[in-house]
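What follows is a set of structures for review.
What follows is chain A paired twice: with chain B in the first complex and chain C in the second.
And now, the complex of A and B:
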C-alpha cells in the first residue's frame, strides 16, 4: 500500500466531508470571531498598545479555535465505527496520523487566514508590507499546534471526559509554540529586523519537526492500544 | 492448509473469562456459522480474529500467518462486515467505496462499482449521502464493498441483521460466490434458517466454550443453547 496514497485518501475524505457539512470550520470561525469582538470592545487602546497586546490575543484565539477543530477530528471516526475500520486496514499507522495532520492543519489555517484580516481591522494595524512574514509565522505556529493536537485528539477520543482532557493535555505541551509565535508576531508588528526574532521562528520550526516525528512514531501505539 | 484457525483462545476482562480454550478450523471455501446467546463472546472472538483485540492466551492463524505476530499481513487478507457500517455520513455510496478500496490500494473502474451496487440493489442510490441510508442499505453497501475487495477470509458479525428478505438472499448469494471462489467465511448469527443455507460447519459458543454441532441440526434442533 502506497504510504502517500493513504495520506491523500484520508485528507481527501476529511476535506470533502467538511466542505459538505461545514461543521468544524463554522464552529471554529464563530468562536474565534466572538473572541476578537470581546477583546476589541473590552480594551480601548491606541495603536502602540494594540501592537503589544494583539499577538497574545491573536494566538490565544487561534489555539482555542484549533482545539475545537482538533476535538472533532477523531470524533468523526467514531461514527459507524470508522476508527475500528482504520485499525483493521492494512495501512501504516503513521500515514493515518499524517493524513489527519494534513486535514487538521488545513482547517486551522483556513480559519486563521479568514480571521487575520479581522484582527487587522479591529485592532487598526498596519501589516500589509509584512504579510509574507506573518504567513510564515502562522504556518509554523499552526503546524506545531496541529502536530501535537492530532496525536492528543486520537489519544482522548475514546475517553468520556475528552472535551476536558484534550486542552488539559495539549496546552502545557504547546507553550513553546505559543511563546515563539507570540514573540515573533510581536516583533514583526514592531517593525524589528528579522535578525532580532529569527530565533523564535527557528524555535517554531524545530518544535514542528521534533513533534511531527515523535507523534508519527508514537501514533501506532496510540491507535493499536 | 486452514484459512482460519483458532488454537485454544482465551480472553478475559479482569476476572470475567469471555472465551475459554476456543479452537476451530475453517478451510478455504468453507462457511462456518457461530451461534450463541447475547454476551456469549461471539463478537469478542471476531474482534480478536480481526486483529482489533489480542487474546489473553492462545493463538490464531490466518492463511498460515500468525494472527498476532504477522498482524499487518493478516489485515491485508481479511475483511470484516460488522454491526458498525464503517461508512462516512457525508460521503455518497460511490465515494465511500472508493475511499475504502483506496486504502487497500485498489482503484476499481466506475463500471465495476456500478455493477456491485446494482447487484446489491442500491444502484439507484449511488450518489446519495450515507447519512440518508437506512441500516439495511448500509449493510448492502458493505456487501458491495466486500464484493469489490474479494478478501480471502471474511468475518461477518450478524450479517442478516437489518436486512429484508431480498437483502438476506443477496447476502447468501454473496457468501456462496465467495466460498466457491475459495474464500473462508466465519459468521456469527442468530438466524439459523438463513445460516443453514450457506454454512458447512457450525458451532455454539456458550459461556465462553465452543461446541461444534452438525449443520443439519441447525434448523431441526428446538433450542441450541
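And now, the complex of A and C:
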C-alpha cells in the first residue's frame, strides 16, 4: 500500500466503525452539551456578558470534547491487538499518524458543527453573514488541537493512567490555539473588521502547519519496536 | 562519561557555592539601590539567574532528548531526566521570586504576562514530563516518549511566548539581551557573578542526579539479572 492509501484506509476504517457504533461522536456531543450547561449555570449570564464569555466557553467545551474523542482514538486499536498489527506492518509511521489525524479531526469537527447551532440559539448570536469566517476559525483551531492530540493519544494509550496523562500533556501545549481561537471568535462576534484579528487566524494556521510536521516526524518514535 | 561527571562535579559545586556567596554579598549589600525601584531591585540578583538557568535547563534537556533519539545512549536519557527534575526547581524558583518582585513593582503577585505565562507552561511541561516517566514501566519506551515530549514542548514554548505577547504584556524588557546592556556596571558585576554561580550549581545538580539515575538503572538491571529476567 502506498502512503496515501494508508491514510485513506485508516481514516475510512475509523469513520465506518464510528458510523456503525456511534460511540465516540455521541459521547463527545453529550459531554460538550453538559459542559455548556454547567458554564451557563455557574456564570448566570445576561445577554451582554454571554456575548463576551461565549468564545471562551465554546472553545473550552470543544477542547474538552476533543480530549474525549482523542482518548478513545487509539484505545479502539488496543482491542484485538490492532495496534500491534499496525506496528508490525511495513507501512510508514507518518501515514498512520496522518490517517488517525484525519479521523480525529473529522470527529471533532462534526461534533463542533452539530454544537454550533446550539450556541447560536442559546447565546442568541447573530452570525449568519460571517459563517465562512467562523468555519475557517473552527477548522484551524480544531486542526491544531487534533494535530498535537493525535500524537499524545498514541503516546498515552500505551501507559498507565492514560486518562489523566492525555489532558495533562495536551492542555499546556495548546495554549496558543486556545488564545488564538478565542480571540478570533470573539472579534468575529463583536463585528470587528478582519484586519484586527487576521493575525490570530494566521497564528492558528502557523501552529497547525508546525505541529502537523513536527508530530508527523516524531510519530515514528512513538510506534517503534 | 559517568566517570568524567564523577571526577569533576564537586569542583562545579564548590565554584558555584563561592560565586553565589560573593555575588549575594555584592548584590545584597555592596551594590547601589535602583533609581526607580529602590532596594526592591536586589531580588533581581536571584530572579534573573533563576530565569536564565531554567531556560538553559530546558534547552539542555531538548538537546539531550534529540541526542538520545539519534544515538540511543541511556546515559544521555538519564541526563535529560536529571535536567527536567532540576529544571522544575529552577523554573519554580524563577516564578516564585518573580512573583515577590512583582508585588511591589507592578502592585500584583500575578499577571497574564507573556514571560509569566511561558514560564508557567514551561513548569507544567516539566512536571508533565516527570509524571509521564513515572507511568511507564519499560525503560526504553520511557526514554523514547519523554524525549518526544521534550522536543514537542521545545517547539511549543516559543509559540506560547509569542502568542501571549500579542495577547498582553507587562514585563519590563530584558536588561541584558543581545541588543545591548541596559544596566549599571556596579549592578552588572554581581549579576554576572550570581548567574555564573547558578550555572555552576545547575551543572553540579544535573551531574549528581544523572549519576543517581544511572546507578539506579544499573542496580535494577543487576537485580533483574539475579532474578533471571532481562531488563536492559
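Just so we're on the same page, the second predicted complex is superposed on the first by the 216 of 225 C-alpha atoms of A that agree within 3 Å, B and C clash if a C-alpha of one lies under 4 Å from a C-alpha of the other, contacts with A are read in each partner's own complex, and residues count from 1 in each chain.
One rule holds in what follows: a contact is a pair of C-beta atoms (placed from the backbone, for glycine too) under 8 Å apart; a residue touches a chain by one contact, two chains touch by 3 or more.
The structure displayed is predicted, hence computed values, not measured ones.
Q: For A:2, is the partner it touches chain B (first), chain C (second), both, or none of the two (neither)?
A: first
Q: Kindly classify A:176 by the partners it touches after superposition: chain B alone (first), chain C alone (second), both, or neither?
A: After superposing on A, A:176 lies in contact with chain C but is clear of chain B.
Q: Classify the contacts of A:38 with the two partner chains as first (chain B alone), second (chain C alone), both, or neither.
A: neither
Q: Given the superposition on chain A, which partner contacts more residues in chain A: chain B or chain C?
A: C
Q: Applying the document's definition of touch, where does A:89 land relative to chain B and chain C: first, second, both, or neither?
A: First partner only.
Q: Is A:215 in contact with chain B, with chain C, with both, or with neither (first, second, both, neither)?
A: After superposition on chain A, A:215 lies in contact with chain C alone.
Q: Should A:21 be classified as contacting the first partner (chain B), the second (chain C), both, or neither?
A: It touches chain B, and chain C stays clear.
Q: Quick one: is A:194 in contact with chain B, with chain C, with both, or with neither? Answer first, second, both or neither.
A: A:194 contacts neither chain B nor chain C.
Q: Touching chain B in one complex and chain C in the other: list those residues of chain A.
A: none
Q: Contact residues on chain A for chain B in the complex?
A: Touch residues, chain A against chain B: 1-2, 5-6, 9, 12-13, 16-17, 20-21, 76, 79-82, 84-91.
Q: Show which residues of chain B lie in contact with chain A when the two form their complex.
A: 50-52, 72-73, 75-76, 80, 82-91, 95, 99-100, 102-105, 129-130, 138
Q: Once bound in the complex, which stretches of chain A touch chain C?
A: 148, 151, 155, 158-161, 165, 168-169, 172-173, 175-176, 179-180, 183, 199-200, 203, 206-207, 210-211, 214-215, 218, 221-222, 224
Q: Taking the complex as given, what residues does chain C use to touch chain A?
A: 69, 117, 121, 124-125, 128, 131-132, 135-137, 141, 144-145, 147-149, 151-153, 155-156, 159-160, 162-164, 166-167
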